[in-house]
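To start, the structure under review is shown below, and the notes come after it.
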Amino acid sequence: MSILINENTKLVVQGITGRDGGFHASKMKSYGTKVVAGVSPGKEGTTVEGVPVFNTVENAVKATGANTSVIFVPAGFAADAIAEASEAGIKLVIAITEGIPTIDVIRITPILEKNGTKMIGPNCPGLISPGKSMVGILPTMIFKQGNVGLISRSGTLTYEMVNQLSTHEIGQSTCIGIGGDPVIGLHYRELLALFEGDKDTDAIVLCGEIGGDAEEQAAAFIKDHITKPVVAFIAGQSAPAGKRMGHAGALITSGTGTASEKIKAFEAAGVRVAKEPAEVPDLIKKAFAK
Amino acid sequence: MKIHEYQAKEIFAAYQIPVQEQVVCTTVEQVGKAYDSMNHPVVVKAQVLVGGRGKAGGIKYCTSKEKAVDAAKNILGMDIKGLTVETVLVCKAVDIANEYYVGLINDRNTKSVLLMVSAEGGVEIEEVAKTHPEKILKIAIDPLVGLQPHQARNVFFKFMKDGNQVRQAADILVKLYKLYVEKDCSLAEINPLVIDNQNNVIALDAKVNFDDNALFRHPEYDAMADYTEDEKLEVDAKEKGLSYIKLDGNIGCMVNGAGLAMATMDMIKLYGGEPANFLDIGGSSNPKKVVHAMEYLVNDKKVKAVLINIFGGITRCDDVARGLLEAFSQMKVTIPIVIRLSGTNAEQGRGLLANNKELITADSMGEAARKVIEAAKKVK
Amino acid sequence: MSILINENTKLVVQGITGRDGGFHASKMKSYGTKVVAGVSPGKEGTTVEGVPVFNTVENAVKATGANTSVIFVPAGFAADAIAEASEAGIKLVIAITEGIPTIDVIRITPILEKNGTKMIGPNCPGLISPGKSMVGILPTMIFKQGNVGLISRSGTLTYEMVNQLSTHEIGQSTCIGIGGDPVIGLHYRELLALFEGDKDTDAIVLCGEIGGDAEEQAAAFIKDHITKPVVAFIAGQSAPAGKRMGHAGALITSGTGTASEKIKAFEAAGVRVAKEPAEVPDLIKKAFAK
Amino acid sequence: MKIHEYQAKEIFAAYQIPVQEQVVCTTVEQVGKAYDSMNHPVVVKAQVLVGGRGKAGGIKYCTSKEKAVDAAKNILGMDIKGLTVETVLVCKAVDIANEYYVGLINDRNTKSVLLMVSAEGGVEIEEVAKTHPEKILKIAIDPLVGLQPHQARNVFFKFMKDGNQVRQAADILVKLYKLYVEKDCSLAEINPLVIDNQNNVIALDAKVNFDDNALFRHPEYDAMADYTEDEKLEVDAKEKGLSYIKLDGNIGCMVNGAGLAMATMDMIKLYGGEPANFLDIGGSSNPKKVVHAMEYLVNDKKVKAVLINIFGGITRCDDVARGLLEAFSQMKVTIPIVIRLSGTNAEQGRGLLANNKELITADSMGEAARKVIEAAKKVK
């Protein structure tokens, strides 16, 4: 098993005729993801990388039975595209687009809730269930099928960590980049719960960063609800307050959202916290050895 | 993006939120004239984009022209948390009967605009949030319905008794929410919202931040920007597709991805060094970005050594290598550079750079961090 | 029995400190309606006609257990007052206020739906279950307890008709003025269904007028779902097209919404249609005689 | 409230909905000048607040200045359905490749703003609605979410193939909805929305009605009003708390309540008379309203007799009687008046009027209608 995506994922790529959309559609396809449709208003009837293009998500779903969507639409139009997917019956939307105005994400949240649509991102690298399906822009060659689930707010840091795991022969069930924006779809808690319920996941790596209190909440949730071992790493221990470290959400304001608070919270919840990414495989091995 | 109090109050006024008469001044003479025009006690307030102006002596209540001029002399040119005061705002003083805190923010947890109201007005709300969180009333506003007048009234009835005051305060709040959404704010605060001795409800201070992600649809905000030198660098870098923040250390970094960039800084610090910057060259493989990034590092005179940490995913290591070669051909780089390439096309990248004997290579983040700290120590 | 209101109706009067609110609160009280609270922002702690006043509906509901609200708030603020009632848990709101902007009514409709609140009106005279409760501005002396339900888009025309009924010893179970605005809360269909299910109602009088096609829809609904005899009257047979006859909703546009269309629809559905109000009692008697 | 095409298009332009260059003219000379300024074929369009201008010859396509001037001469002063054309609009003509109908209305059934789109543009949509309802696509817009761009696109993709056209049309629709809500419309139509031969999507006509209930919050609309004489009476009456509509018959009516007023008119007609007006004095008991109402009836020279039908509920019959006595003392009333008082305080009302021997009393609506028709017949 795995969570959220697997062999049955049928993907529609919104913004497939854009530079990024086309490129990654092809990458996903070659990994084995079932990319069944693309959407680009006005381009219905054409194909991109062998994938049929539709004017609307509604048409794409009708014609192909797509159940998952990935968004490569530019920031100014992305929230509307997400809402479109949700209203067309798509139950999982992965929003790669960076720079969507926060109020737009807030405004579509109730629409997603009403339709029962889950969202990953925005401003995220996507997710992968190695050997089954990849949706997003992840460098597939570093992943390895296995029994560790990974949730991360960042992109390349995740790759660094996955690379460490794979190099140490620790495979992954599903790896998810949840995105670096302040307001995002599925967060640690929902995903931790999914991993807890996934019988092919035996341990969880959580890669957090400064800003907000999602890590603290995740720590509390782990304490109460998660029985599988969790290893965490927090980026931004050296980040100064008041500065946005690249990610819109990575910001220490008025002394809250610091790495040390988060590390403390995790340690209090019995989570093993790595000092540097290279420590993660070792901590996982220790967890399994126990 | 932050704007000054006087700019925020201009927006307030456009939304019919009552603010005191105000004059923006950059000279002592202007402050004198402003006092004359008001002929009433005034408050002279430093306009700097940082909190804690009051504690720093940047806000003065003046009952005469002489006092106002004196205050202006003191405040103009004053340093507040590293920022020089170049502008002051002269406002008609108010006899305050009561003060409150009112704020709106984009809230991560409720995925909504969160309304916060507290009777602890006029003090730093972050302090209240830490010491007495129960004194802040928080309400998540339904993004589709918006803030309804009766909700605003219900909130203020928990703090005020007088119906007239509540109606005024609720009306201000409904307008503030409208402004917040229409102007794409990430924060809008009135601290304090006051009731004067004639029962008028007034926004005595105003703090508005715009959502950086939404700046593209508000070109009019450009004219409102007042950046420090460091912030100008950040904005300039952003236009080049880079995310760059200057810090105080001496080890420059160039990384792809925000999380990895932070982790790289952390590693430098963990191993005893001091990062000179945060620098994320982003997810694309444009060699030009590498050239621009190199420029920032070389132009920072504090930088003694550079660590380049690339984990190729979308970013291809050979592209980064090409960018570096181009940078070396365009500028004189005398400081030591430690480079770690991993992931997509790492082999090719290393191959391209093999002839460049000055480059110090590393296989892991840890090794790279140790090597760059060592290298920096050797530089005089 | 009766529909919507009865002995258990506990009423809050929103806008009780206004001229109309106070006057009608007193009238309702003297009829026997349980007027338990009034709302007027800033007047909490006072009383009007012996009724305690609260700042908010929430406070009123908490203190008194009110389950029904009547709105006398001025047009510019009335929609917000209705939404307030709904969000405070009130399940039946009667909006007397005339002249509420239509878009305001449209905007609060989903809020009422979400909270399961029924609305009568706006721009209506209210409703009465004779001998039990009256909510609104109806002249109580003309009503008589009995077994005929009445639904009407108008006010005084209803009184005329009720007066005819009562004079002929035909009492009423519940009489409802649904309001003359284009967009209103409960309409013929919902109320017909309630009367059909009310064991104390044996016949229904429906008093319609020109504008819209609610009467046509009611006719279709009666044909399919109503077994009890229905007598109808339509006002505005002599009204010219394109002119709003007092009620915002009473308007014949582009030849649709005419009285003759509506009469035809009712007749086709087996409904007895009165030529003038005075005929109604006779038609009811005939229906019962059958 | 209705406004003219040119006014609607000014609002469209303020919302960035593309419309053709236009000049508003009230003289033939102005039309000539307008032609010169455009130097392009034009359309001269009568500005009257009634449908069917085209069929009546009020819209002319003109390829030369002479033709435009001729058209202006014809149209200015023309009578269209009883309205005199005092203004024409000169618009740059468009080469139409395709035309559509787009409309928004407040919908009774769905309790929402209803969007209607049809490929049958340029013809009367009411006709299409009757003959080919399946050709009109109707979508109820969620009042909380509003019209989303993708919804607008999805609609137009059912009518157009070209992505660029769809994007333009969808953009116009989103703006039209924004305008509709912000301006408190009860109807907003673009008929036709056209695609010109350069692939531009343009609102060629514009029809906007404002919700009368919302006029109180748009004082700016006063200046846009263009009422006929009869409508001026209606507006004037509304300000006095009366609902008054002048009709063609000779029997004046004064009634409390809109439904009863309609039923009273119906009854007059049923018994062979012709009502001269609809007049609802409303639910309150202010005797002054009765005086005002009486003025309208007496000032209408067609009125031969008056029927006053009051069913007292909130309105008290004695108040109405007092108002009548006041009216009689203020103005000379020579025409016969039939009065029927029923309900609250009917006895007292009748008592107050008992000395007034000219008044004809009736106990029921039917009796009152018969008596007033009879009385009218006797008046020369």
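Order of writing sets the labels: A, B, C and D. Residues in every chain begin at 1.
Here, a residue touches a chain if its C-beta (ideal position, glycine included) is under 8 Å from a C-beta of that chain, and two chains touch if they have at least 3 such contacts.
What you are looking at is a predicted structure, and each value in this text was computed from that prediction instead of being measured.
A.B. asks: Could you please state the distance in Å, as a whole number, between where the Cα atoms of subunit A are centred and where those of subunit B are centred?
C.D. replies: 27
A.B. asks: Just give me the whole-number Å value for how far the CA centre of subunit B lies from that of subunit D.
C.D. replies: 53
A.B. asks: Can you work out the whole-Å distance between the CA centroids of subunit A and subunit D?
C.D. replies: Chain centres of subunit A and subunit D, defined by C-alpha means, are spaced 56 Å apart.
A.B. asks: When you check subunit B against every other chain, which residues touch at least two of them?
C.D. replies: 144-145 - these are the residues of subunit B that touch more than one other chain.
A.B. asks: Draw the chains as points, connect those that touch, then say whether the picture is a line, ring, star, complete or other.
C.D. replies: The chain contacts form none of line, ring, star or complete graph.
A.B. asks: If we use the touch criterion from the header, which chain pairs count as touching?
C.D. replies: Between chains, contact exists in these pairs: A-B, A-D, B-C, B-D, C-D.
A.B. asks: Looking at the complex, which residues from subunit C come into contact with subunit B?
C.D. replies: These residues of subunit C touch subunit B: 40-44, 55-59, 77, 80-81, 83-84, 87, 111.
A.B. asks: Using the touch definition from the top, list the residues of subunit D that touch subunit A in their complex.
C.D. replies: 145, 148-151, 153-154, 157, 161-164, 166-167
A.B. asks: Would you tell me which residues of subunit D are touching subunit B in their complex?
C.D. replies: 144-145
A.B. asks: Can you tell me which positions in subunit C touch subunit D when the two form their complex?
C.D. replies: Contacts found on subunit C: 75-76, 99-107, 109-110, 125, 137-139, 141-142, 152-160, 163, 180-183, 207, 209-210, 212-214, 217, 233, 235-240, 243-250, 253-256, 259, 275-278.
A.B. asks: Contact residues on subunit B for subunit A in the complex?
C.D. replies: My answer: residues 106-109, 111-113, 124, 126, 129, 142-144, 181, 184, 186, 211-214, 216-217, 243, 245, 247, 255-263, 265-270, 275, 278, 280, 283, 311-315, 342-344, 364-366.
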